[in-house]
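The two complexes that follow have chain A in common; it is paired with chain B in the first and with chain C in the second.
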Partner chain A sequence: MQSTVKPAIPAKALAGRDQNLLRLLVMLVFVFGLMTVLRPNEFATLADFNSMMRQFPEYGIMAIGISLTMITGGIDLGVVGTANLSAIFAAKFLIGAVPQGAPPEQVLPYLAAAVAIALATGLLCGAFAGLLISRFRIPAILATLGTQQLYTGIAIGITNGRPQSRLPLLYSTIGNTEFFGFFPLSFVIYCAIAVGIGLMLSRSRFGTCMYMLGTNAKAARFAGLNNASIIIRTYMVSGILSSVAGLIMMARANSAKADYGAPYTLQCVLIAVLGGIDPNGGFGKITGVTLAILILQFLSSGLNMFNNISNFYRDVIWGGVLILVLVFNRLFSIRAERRAVRRSMA
Partner chain B sequence: MISIRSMTRRSEPYVFAAIVALSLLIQARSGQFFTGNNLVDLARALIVPALFSIGCMLVIVSGGIDVSFTAIASLAMYVTDKTLLASGYSGSVLLAYAMSGALGLLMGALNGGLIGFLKLPTLVVTLGTGSLFTGVMYGVFAASASDVPPAIAAHGKQTLFTAVNLESGLTSNMPSQVLILVGALVLVFLLIRYTMLGRGIYAIGGDEAAAERAGFSVAWIKLFLYSFVGLLAGITGVARISMISYADPSTMLGMELTVIAAVVLGGTRVTGGLGTLTGTIFGVTLMTILANSLILIGIPTYWSRVFTGAVIIVGTGVSARQIGSARRRVRTLQKEA
Partner chain C sequence: MAASILKVVGIAKSFGGVQALKGVSLEIDAGEIHCLAGENGSGKSTLIKVISGVHEPDAGSIEIVGRRLSRLSPMEAIALGIQVIYQDFSVFPNLSVMENLALNMELMDKRALMNWGRARAIAAHAVSLIGFEVDLDERVENLSVADRQLVAICRALLHDSKLIIMDEPTSALTKKEVKALFAVIKSLQSRGISILFVSHKLDEVFEISERFTILRNGENVAAGSTEELDHRTFAFHMTGREFAEASYKSDRAPGPPVLSVKGLSQVGSYEGISFDLAQGEILGITGLLGSGRTELVETLFGISSPDSGSIEIAGREVRMRSVKDAIALGIGYVPSDRLTEGLFLPQSIERNAVIGVLGRLCNSLGLLNRRAVAELMSKWIAELSIAAKDPSLPVKTLSGGNQQKVVLARWLASELSVLILNGPTMGVDIGAKYDIHALMRELASKGLAIIIVSDDLPEVLACASRILVMRDGAFIQELEPATTTESRLGELSTGVA
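Entry: the complex of A and B
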């Protein structure tokens, strides 16, 4: 599940980042241990692992998308809107095109077409955001706040805010397949994406370009990179990942709706920052993001087992953890900077 | 002296023209726009977003962005409301404003400290604190719609004057909370026009390193700025619940995007350093007319989010374009010199 690939960032930075991974690992073990001690009969049982593996892929995949845009120094706040719009287009197509009571082998091509429609929607949504940011020079935050409103608005507009249900049964049957009776399909998709994106970041030309752009956009331009094209492609990847998440949500809920997963945006930004992605761009790995996802999933699954704790404490904890991680990382980097200055003076 | 040339470079005239055009369109389609009661209703709907937009404008001028002010307003007003109810307070409404303002100030100071002294990114910090404050309101205080204490209820019934629509006989009251808006506008006008602190906010947004070298203490200015925005948000929270006369914790959440859109639409430069109160009020007015009157010209409410999104994208796009052309102008001037 963790991509064990060597990152393309220089060795010096690597040492610092590995400390971050170590911190995340310690946090993960701590949260896991705490929950196991507090709720030994429920937490970390096989059934619990299974339900966790069903929950995290949908927001985990969006978190990877946001992480990519943050590595280039931007942010994509439109992931949830993209996911829902893609799912709604796919659902509309399925509801309209598949004849009632058709046998599975006839439905299958329709499903493939619906998936293609969703992925194409995600691609276009991402490309539009990338275009606004690179060509029209709208700051990423505002551009994607706008696209989030726009995509959600279109999704509400074409559905009148109602859920799109009555999907062919085969879709949720396939979507909820479990390999070896234990690993849900969504989990397998997440692993494939995490490894794939991890390799893309560390081994491909495109990945290196993304880090360079995020570190210093001006320097990247003078080094001959086509910044606009890198930005557009990054947001396209983020859009496609969002549409995959939308398809997974659609399979889980067996319907598509304009306001599914509304709190995921904040959660994904939190995951990215917690996972060591620098909000200013240039740093971060998918391994860290995956660890952050697991930490949050353990936390929230564990909290769910306390009946007397309101769900809203999750907002408190997430907000609090986000601020603490920021402060912590900041203090660490200040110390590292001072040490570097001292070393260069000596 | 404002020359025609500098007028066309600013966005206020365009936004004003858009407001006039939209008003005339609605008047032509429904015949209901330029009636006394509709205008008073618009003013009423304008108060809360306009109060938010003043603080939001200052933050964007300083080069930051704040998405937590609605959460601050909600938590501050809710705690104030519950405390006054529990203590059976029956005095002046001023205490409610003072208490909610002070709570807002504290929450804003948290933002300001993290952003100013630890130099953390504004969006991520305010996303985090926004989630924290909302969570505290719903989790710790188990918030749900509640009554307001008598002081606030009485305050909500104060009206300045009543407008009557002679044709339909509908009446609309101008709420006294509009005076708070006027007061805040005057205060912020004085702040940004005549004080070094106000100029500092613009200087930071123009170029933070240059402002620091010029002797502005950037961290303290940011601490002041976010605390002030928190104070304003706390006051706005009480104004809001007094106008709807019950304390609904969710009534303001989600407004932040429309407010940001309105501010940017009003010509505030998204990268900081530029922005006016006039433009901001124009922007809020345009958004309020859009939100309140789309139904009057026959656009179903389901599509209103699309309009918000489109307005954000077009507004920020135009603003970003103006920055680009301004930069090019500077560059040609430098070449000529």
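Entry: the complex of A and C
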């Protein structure tokens, strides 16, 4: 009999997995330090932190959505389309339904209804993508490229491409609330989502099923998992998260528009991969994704402070980072695999 | 004769603190068929890699055709006439037979442009060496496993080989194909080529080789002439354990059938299948690959639907639309392909084992109770004697036998009435094989109804209480293991008397 079996979560496993988190942490400290040294008067000031906390939740939440779909072995490129379509439905409803000059307590129920409409839109958008992927077996990357185009198209169609403004003032007032005069509501929402989704992934049955399906769909079927239902539910979650991001963008811009946040798609994929989500499915954690978001936000805020670096170079930097991370992860996983094999023989 | 073509002495090799080889010696004469046997992890593969120049040994000497070498690179090994045919044959599935055969030669000659005429000539010459009849323009992925292997052998012959090493060449072949392969090996021998045949199947060792070397835990444990070997000593040397296996007989009074199949048919797979299965029975289904055996049991597990006929569980007719339905009815299935169907290879041993019973391991909030998971896992590791150092390691770090035990563990936690095992001990070493057989008997004696699908005839004879032979999608005969023999089973399943 084996006497070496350790109960609970062995430290080795944590160390093995957390190598990735450790690398991200080092990278984060490096970027942070670099920017602090180069721009001591602007970077990492309280005002700068506040502005960063306003910026990253909207794409961070979508990055979490994409990460979830990537863990199941797919990808959701329709997050931005879903976000905008959800926001536009909510905005149309508010503009049409709220009477002019109504007092705040009268507007509040309308806001709740608008949020519900947005979330329901996100849910349906995600369910549709999940249906295409699971029932019609369309590769996720093509299916969601299609839904992205479709949702953006619908959004343009019903708005003629114009921004939906003149929202009730209360919406952006609430949306831009700052707790303790420092933590924006969107940041708090991000934290709640990150913790909730992180818990779902690591501790819930559904989360484990997502990882297993992403590792080997065939084995999942033989183990009795309902693959179609897991996929549809995953894209539904991604859709809901996108609609939350849409609501946040709407609060920040005080309007909704079909083409807000267009470059976010690539940026979110970059975050997921940088954060250690395996593009082949089956592995990755929200902690990693959050660290990746912070790294990119520091980089981007920092770069903004250099007047001689044009915004046009940002794509070069994003693309370069994405490719570097992919190559690095590949090299690293080969090494880690060898080590695991050796350890098992020891 | 009797000039040794290869002589390795005292080879030691360790990987990061693990001593894979502890001073192993091996000598092969010219024109000899030598068998290298040993369980998984005994060091066979490492030794082959040392001989072929892939690994550099930490200690010991290598002598090839009388030349003593201190260092050996893969290219030098090939130049000296050593060729290895690995289990995956290392052929390019998307290229034609001709391209597979000729590419290496063209590359070795450092030519920039392919000369297709010459390539065809090379390929035609290669296949003629062993009288292998094949369409040179066929893509290799369309060939059978046996033919792919022959392509690899032909390619090896092109390099003026003196020693061909075959790493478990028969593991994916049918009986008939094994016979054909052996004929090829004999013909190679008659050309003066030595063969190092790696296998853990005793019957093959007896049939083909003249001398053998057995490794265990990186050491030589036995060597000599094959004639001196018998089943018991072979199994003992391989495992260091003594085994006695008697055939299984249910000691229960025959009860009503748990599973009853009536006239089940699926177009193109199987037809008119009927049988009953009672508690405590182990039903053996044997037949060749393509006889419809896998399709049949996959239908019983809800993977596919039958076109006609009925399935009854405990006397009630059921319809299974999915695997989930089958599991809800108490049916468990250990798939034939452990690597792609049975396991989530890069995931932890723990996750692989508990995936089926996650629902029971959650607390009232729907979150997994980690302690319950760990407790269940250590219980299984102990009960099934799974050799796992750490359940959080990827399941692919385990040996074949232990991997299979993890798949089994998944079902042991569920409330099963029928357990179907498809090729449960394929690629599993002897020790684990006996463990799995013993487990099956124990489960059956506790009242589980078991179906074992296997083309390992000794296994079927040893485990089953009743045997059904399947051929071309139909059951052709029912046999009692006590009154039948391996050769009778073989004749029935191939249809060749």
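Observations on the structure shown:
Here is the rule we use: the second predicted complex is superposed on the first by the 320 of 346 C-alpha atoms of A that agree within 3 Å, B and C clash if a C-alpha of one lies under 4 Å from a C-alpha of the other, contacts with A are read in each partner's own complex, and residues count from 1 in each chain.
Assume a contact is a pair of C-beta atoms (placed from the backbone, for glycine too) under 8 Å apart; a residue touches a chain by one contact, two chains touch by 3 or more.
Quick caveat, the model's predicted, so the values are computed rather than measured.
Contacts of A:L46 after superposition: neither chain B nor chain C is touched.
Judged by the touch definition given at the top, the superposed model places A:A219 against chain C, while chain B stays out of reach.
Contacts of A:D315 after superposition: chain B is touched, whereas chain C is not reached. When both complexes are overlaid on chain A, the residue A:V37 reaches neither chain B nor chain C. In the superposition on chain A, contact is made by A:Q149 with chain B only, not with chain C.
Those residues of chain C that touch chain A in the complex are listed here as 15-18, 20, 41, 301, 303, 322-324, 326-327, 333, 335, 340-348, 351, 355-356, 358-359, 362, 366-368, 370-371, 374-375, 377-378, 381-382, 385-394, 397-398, 410. Chain A meets chain B in the complex at residues 75, 132, 136-139, 141-143, 145-154, 156-157, 160-161, 266, 269-270, 273, 279-280, 310-320, 322-323, 326-327, 330-331. In the complex of the two chains, the chain A residues touching chain C come out as 1-2, 4-10, 12-13, 199, 203-205, 208-209, 211-212, 215-216, 218-226, 282-283, 340-346. Per the touch definition, chain B reaches chain A in the complex via residues 65, 114, 118-121, 123-125, 127-136, 138-140, 142, 257, 260-261, 264, 270-271, 302-310, 312-313, 316-317, 320-321, 323-324.
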